[in-house]
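Input: a single structure, listed below in structure tokens.
Letters A, B, C, D and E mark the chains in the order given here, with residues in each chain numbered from 1 onward.
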Amino acid sequence: MVSYWNSYVFISLFLLLGLLLPIGALWVAGPFLRPKNPTPEKLTTYESGVEPFGEAHVRYNVRYYLFALMFVVFDVEIMFLYPWAVSFDSLGLFGLVEMLIFLGLLVLGLVYAWKKKVLEWK
Amino acid sequence: MMGNLLTIIVFLPLLAALIIGFVPKSSQGQARAIALIATLLSLVFAGIVYAGFDFGAKGMQYTESAEWINIANAYKDQALVIGYDLGVDGLSMPFVLLTGIVSFLAVLASGRIQHRAKEYYIWFLLLVTGLYGCFVALDLFLFFLFLELTLIPMYFLIGIWGGERKGPVATKFLVYRGIASAFILVAFIAMAFKAADATGTISLNMLTIADAFSQASPDLITSAFKNGIFLVLFLAILIEEAFFPFHTWLPDTHEQAPSAVSMIVGGVLMKIGAYVLFRIAVGILPDAVQHYATLIAVIGVINIVYAALIAMVQKDWRRLLAFSAISHMGIVLLGVAAMNQAGIQGGIFMTISSGLLSALLFFLIGAIKERTGTAQIAGLGGLSKPMPILAGFLLAAALGSLGLPGMSGFISEILAFMGSFEVFPVLSAVGTLGIILAAVYLLWAMQRTTYGPTPAQLEGVTDARPIEFVPAIVLLALIILIGVYPQILSDLVNPSIQTLVTRIGG
Amino acid sequence: MSVEQFITLGAILFCIGLYGALTKRNIIIVLVSVELMLNAVNINLLTFARFGLMPSMNGQIFTLFAMTIAAAEVAVGLAILISLYRNRNTSDVRDQDLMKW
Amino acid sequence: MFSWLDKPMELSTFLNMALGAVIVLAFILGVVTYTIYFERKVIGWMQWRIGPNRVGPLGLLQTVADVLKLLIKEDIVPAKADRNIFLIAPLIAFFPSFMVLAVIPFSATHIFTAASNVGVLYYIALSATTILGVVLGGWASNNKYSLIGGMRSAAQMISYEVPLAMSMLGVVLLAGSLNMVEIVEAQKQFPYVWYIVPQALGFVIFIISATAELNRTPFDLPEAESELVAGYFTEYTGFRFAFFMLAEYVYVFAMSALGTTLFLGGWEGPFLPGWLWFAIKVSAFIFFFFWVRATMPRIRTDQLLVFSWKVLIPLALVNLVLTAVLKYLI
Amino acid sequence: MNPVQSLSALSFSGVWDVMAPEVILVLLGFGMLAFDLFVSKETSRRISPWIGVAGLLVALVLVLRNFGVVADGGLKELSNMLYVLDDFGNVFKVIFILGTMFTLLMSIDFFRHNPAVKVAEYSYLLIFATVGAMVMSSAYDLITLFVGLELLSIASYILVAIRRDAKGGEGAMKYLISGSIATAFALYGMSFLYGVTGQTNIAQASQMIAQMWIEFKPLIVLSFLLMTIGFGAKIALVPFHMWAPDTYEGAPNPITAFLSVVSKAAGFALVLRLFIWAFGPEFNELYMYLAILAGLTMVIGNIAALAQKNIKRLLAYSSVAQAGYLLIPLAVLGSGNAQENIWLAFGEVTFYLTAYLFMTMGAFAILTNVTREAGNETLEAFRGLYKRSPFQAVAMTVFILSMAGMPITAGFFGKFYIFLGAINTQMYWLAALLFITSAIAFYYYFGVLKAMFMKESEAPVTEQKLALPWSLGLIAGVGLIGTIVLGVLPNLYLDVLNGLNWFGL
């Protein structure tokens, strides 16, 4: 029998270590090990050797946003599928059909995006 | 059909308004004709009612009764029934007749309205329906509806066909009277629910409530409650009747409204407040009236004197007449405060008389303004030469208004003061000042208007057309009729007044 | 770990979110703050679902729905923001002043 | 000693746990070091080269030397960068990669695993956090290449997250559990096959999505050297750069371990001990990734995204429906 | 019963019995979506609103069929009171369906003048929003309730921005932000309710509240207040109303009408059901908060309306004020002999909402026509309308008077009825506020009348006759008839309402 709390303590330890390693390497040990000798040339932004021009925070393609929105919707819908999958056996036919309807709607959403050319790049 | 006479009287103008709605815009003559016929027919039916009226009976006559709205569980698990109850008694009959006469004459006097005439008649007829309804409704809710029905048409009648300041004045009218009707509704509902506590059934019928109030034990309907309700109602009446300090809307209204509308405002609309006073305040809450008699009398006297004083400094005839009317209505308050037969009778006489006189005076001033282009006293003068007939009528009306014996004003004032001297000798004495002041301002204004040299620009004005004789003569005739033969009115109202007075005693 | 601590955490997050939603100028930050508020609610629900007076599954189900709907809301919010940005070229709350009374 | 999961929470238990976590950390650092070596060797071998062979015997210390080099290199923060975000981005990218290892069951005795009841969800949820580090790093560098690299990698990672999660759903449906230990146990039961058999389609989707999630060729657009210099970590130097690389290789291991657990029966296997089986299967996975890298050309961004949405996701849905219906019928 | 068990208890026939109208509308919505996707010609998309209207008619028939089923015995419910079928919900559903039908009819004109708007999307979003509203009126579980609320809200956010112009976007953004903050508040409140009771089902929660009241009173009150804030913002109660004017102004006219009628009615359905059932016995300690909110809403809504020049903002503030009136029946329930008068409260709310449906829809139909023709949305657009179109002027007059509460219109009787209810429960100050604020309202309502009748139009162009498209004319006509009939003969409807078996109890 696995204790509920113990597994989360274990996970917390992983979190702790996962944070401590970079912190130790970058902030604690780092200053002693590496040289610090900044010059203006070093600190310039790298643009394949030419002088950087313009603003780097350019307006990027709106497609990125659309994909992000699609992701949000689909990822969240998957959230419903996991509990359903776990308790599939106890739900019976109604649960199956219900989820098929749900998936059908999901497909409809995908078709919608497809038809509206959200999935095209350009 | 005869059983529904009152319904017919009330809704004929409304029907006519609907018909006018379908008349083509170009034919203004038809609209006017329909309006004339409708108001005349209503008047005729009112005459039929009058002819068949049983002078001896004390109760309501020509009653019609039907259940209209039934709100289940409205109050303490009981249904609130709003009835379509109509009826007339000696108290309301004169008002119905007054409405009939003045509305017909006002339509007659509206001939000058050319601008958007069709709409004018529609609004006018709606107003007339509301006025009739107020006087025949026996259900408080119904009364309130008709009262509200007068509001909107008046707003437009002033706002569209009024003088140069029509917009703000229309709004002012609306605000004042709107607030007044709100108070009235509050008082009505409070009374109805209180009566329901006593009787066990909710009814908005005036008679039921009156009975409940007079019969219920003082523990159930306390005098404090009655007094409170009365104060609310009285406040509403003060606003409706434009008594000081809520008077400012009336002179503005009279000044800005077209003369035919002024006629109906001065003649009928302004009398609704008095009707509420007689019918509801005195009829249902006599104890409270008794309790506040002094207050009422004081406010009455203040109005008599104050309005008369203000009238003296007015430069415009219409404003002067408005204040004069307020002064007259102050006498009504004084008479009612006396709470005796003579006082109340005087109050009713005064109300009717003031209605007829106001209608006449506003009609005449309207006719004069139409010709001379002004109603400013300073702008007029020496009218007896170019328009002797109109000037003559104006003189007669003014004399009637200041209480010349033989005319309705005199008998009314006599009755009211007879009643009030018994109870408030000092106040009444002060009140009589008003009569003197009335003589001063009316005669002064008459003198400035009709006598003296005629200004050059008024030389060519014409006198009254034949059609204009009709309103003037009819109204003057009625004024004189009441003055010389007061029984025509007192026979009608006395049985009802006795009912009221006995209730005061009991 | 007691209920109070979780509830307090939820309350703090909720307040931070509310503060952000009401004061921040960038609409995206505002939307993020709203999400924070909703997540505070989720913490509350989950706490009650496990440690409440009467623990039950319903809280977890509620959380699932709350998350989904929050996501839908923010998706629509971003979509509207994009359309707004195309029209107005700004995502600053203070610039949203076409309509004033 | 390490069976802490069912013991009451005492100091000794806690120390055991801490020790276990440190061991996993040390182990994974070693694994990463030699995965990199292995990758260079394998690719060298496939390209008829020798690969690293100078530092240490057979070049075994090559990666160690690389790491040391990185450790003593200067840490440059570009003047125009958004300093704070620039500094913490590698940290955000790294820590989830390590955290996901907490739920992977390395062997039958449950050693070093949290055996969480929500294992699969935990993995998906945490691995998604890395995207944040990548995007923030790209954005904070204030460099056009970095920004585009970061955006691309975000778009790619989120797009493939959906089919990945859906393909795992089939396994969850069959096992009826989100606990990875139980999933492995379920593969031992009747019909005695690994889920790669009933979930063949799911496995294909999984492995494609996993490759894309790992930003590995042919899906390595975010760091496409020929067009974007180095993508989101163009401006990173020294150890910060190392942590991005570390995260990437930890994920290679973690993803292989996940695939092993879900589809290949985890530690399950005849004769040999469980941990060895696990190591063999994971190695096969890792080898597969290197093999693909050496074989396939890179594809275009539009093809990449469209492939996920128009091919993988519909396929994953079909797989899911088929699995559910068949499971209900059988 | 745990969720898995209650889910297993579901069956398709049970679902159909209880939520047939909703099922029909959902199918319709998705059907329209699919239709939109697979039809290529823009012209054939134009029939989507008609499909929507037809579907709504079917749903209306199904709802009407459902009336009185409760009376036959036993409450019809789904999955352990997750979703119930009762006359309370049915009345509201009729209002929603009629409101949406009017909105769609109004939209036909809107589409003609805004060719860029995606007709099909607009139509099915509207259908989905209606389903959300219907769920709100029938749900008996916090989760279902919440899902319904959000379905309505999210669809509305999109609909507000459907023109994709700056104003619509701004209105939608403001709506969305305040809407989602409100959602967060409501959810936070719900979470405490759930925490104390361990139930998301309202009926079971209410039993638990009764037990927990003494011990956990602060928490329950907190939950109540948070929910009040959340739902208060959705129905635009002061001081959570700030979004309403901007959103109403920014949204296309039909959507504004939809928001002010259907959305608001749905909010009230939700609030009534939730607050009365969850907090029923303890309501006498909570009602004062609502009463104060109602008072504030009436006062501030009406006063703010006084300053408006834009007719849509004016109607927005007016609608805020109406929310205050509508809250009164609920707010007074905790006072005096209120427990017995719960049925009266439902009658009051539904009557007023029905009146509100007719008058608002009618007013918006005419407003749409007039403002479009004038090219602006100020009161000036109404200048001299009586000359350009007497019918529209008269109809608008009736609607405005009804909103103001003039006798023999539905609005008056609705207010009067609410007023009676307040008197009946001895909440005199609230009744007085209702009265006074209605009187204030006259001022701005008459501003509209003044513009129509008293001001002559200046430009010669506006002297032209103003034609009324038939679809708008139909709405105005129905609205006119509804407003007057409900005002003159309220008993026709009152008797129906009184005969209802609201909850089948």
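The definition used in the following text is that contacts are C-beta pairs under 8 Å (C-beta built on N, C-alpha and C of every residue); 3 or more make two chains touch, one makes a residue touch a chain.
The structure displayed is predicted, hence computed values, not measured ones.
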The remaining chains, chain A excluded, cluster as B, C, E | D
Which chains contact both chain B and chain C?
E
When each step joins two chains that touch, the fewest steps from chain B to chain D total 3
Please identify the chain with the largest separation between its CA centroid and the CA centroid of chain E.
D
Starting from the Cα centroid of chain B, hunt down the chain whose centroid lies farthest away.
D
Measuring from the mean of all protein Cα atoms shown, which chain centre lies nearest?
E
When contacts are scored as defined above, which chain pair ends up with more C-beta pairs, C-E or A-C?
C-E
Round to the nearest whole Å and give the separation of the Cα centres of chain D and chain E.
51
Whole-Å gap between the CA centroids of chain B and chain E:
44
Just curious, how far off is chain D from chain A if you go by their C-alpha centres, in Å?
13
Calculate how many whole Å lie between the centre of chain A and the centre of chain B, each centre taken as the average of the chain's C-alpha atoms.
81
Where chain A touches two or more other chains at once, by residue number
68, 75, 87
Chain-to-chain touches, reported pairwise for every pair that qualifies
A-C, A-D, A-E, B-E, C-E
Help me check something: in the complex, which residues belonging to chain C touch chain E?
7, 10, 14, 17-18, 21-22, 27, 30-31, 34, 37-38, 40-41, 44-45, 47-48, 52-59, 61-62, 65-66, 69-70, 72-74, 76-77, 79-81, 83-84, 87-88, 96, 98-99, 101
For a test of understanding, state which residues of chain E touch chain C in their complex under the given definition.
2-3, 142-143, 146-147, 150, 153-154, 157-158, 161, 164-167, 169-174, 176-177, 179-181, 183-184, 187-188, 190-192, 194-200, 208, 212, 245-246, 249-250, 304, 307-308, 310, 313
Spell out the residues on chain B that touch chain E in their complex, using ranges where they run on.
68-77, 80, 119, 144-145, 148-149, 151-152, 155-156, 159-160, 166-167, 170-171, 174-175, 178-179, 182, 185-186, 189, 193
Residues of chain C touching chain A in their complex?
64, 67-68, 71-72, 74-75, 78-79, 82
Tell me, which parts of chain A touch chain E in their complex?
87, 90-92, 94-95, 97-98, 105, 108, 111-112, 115
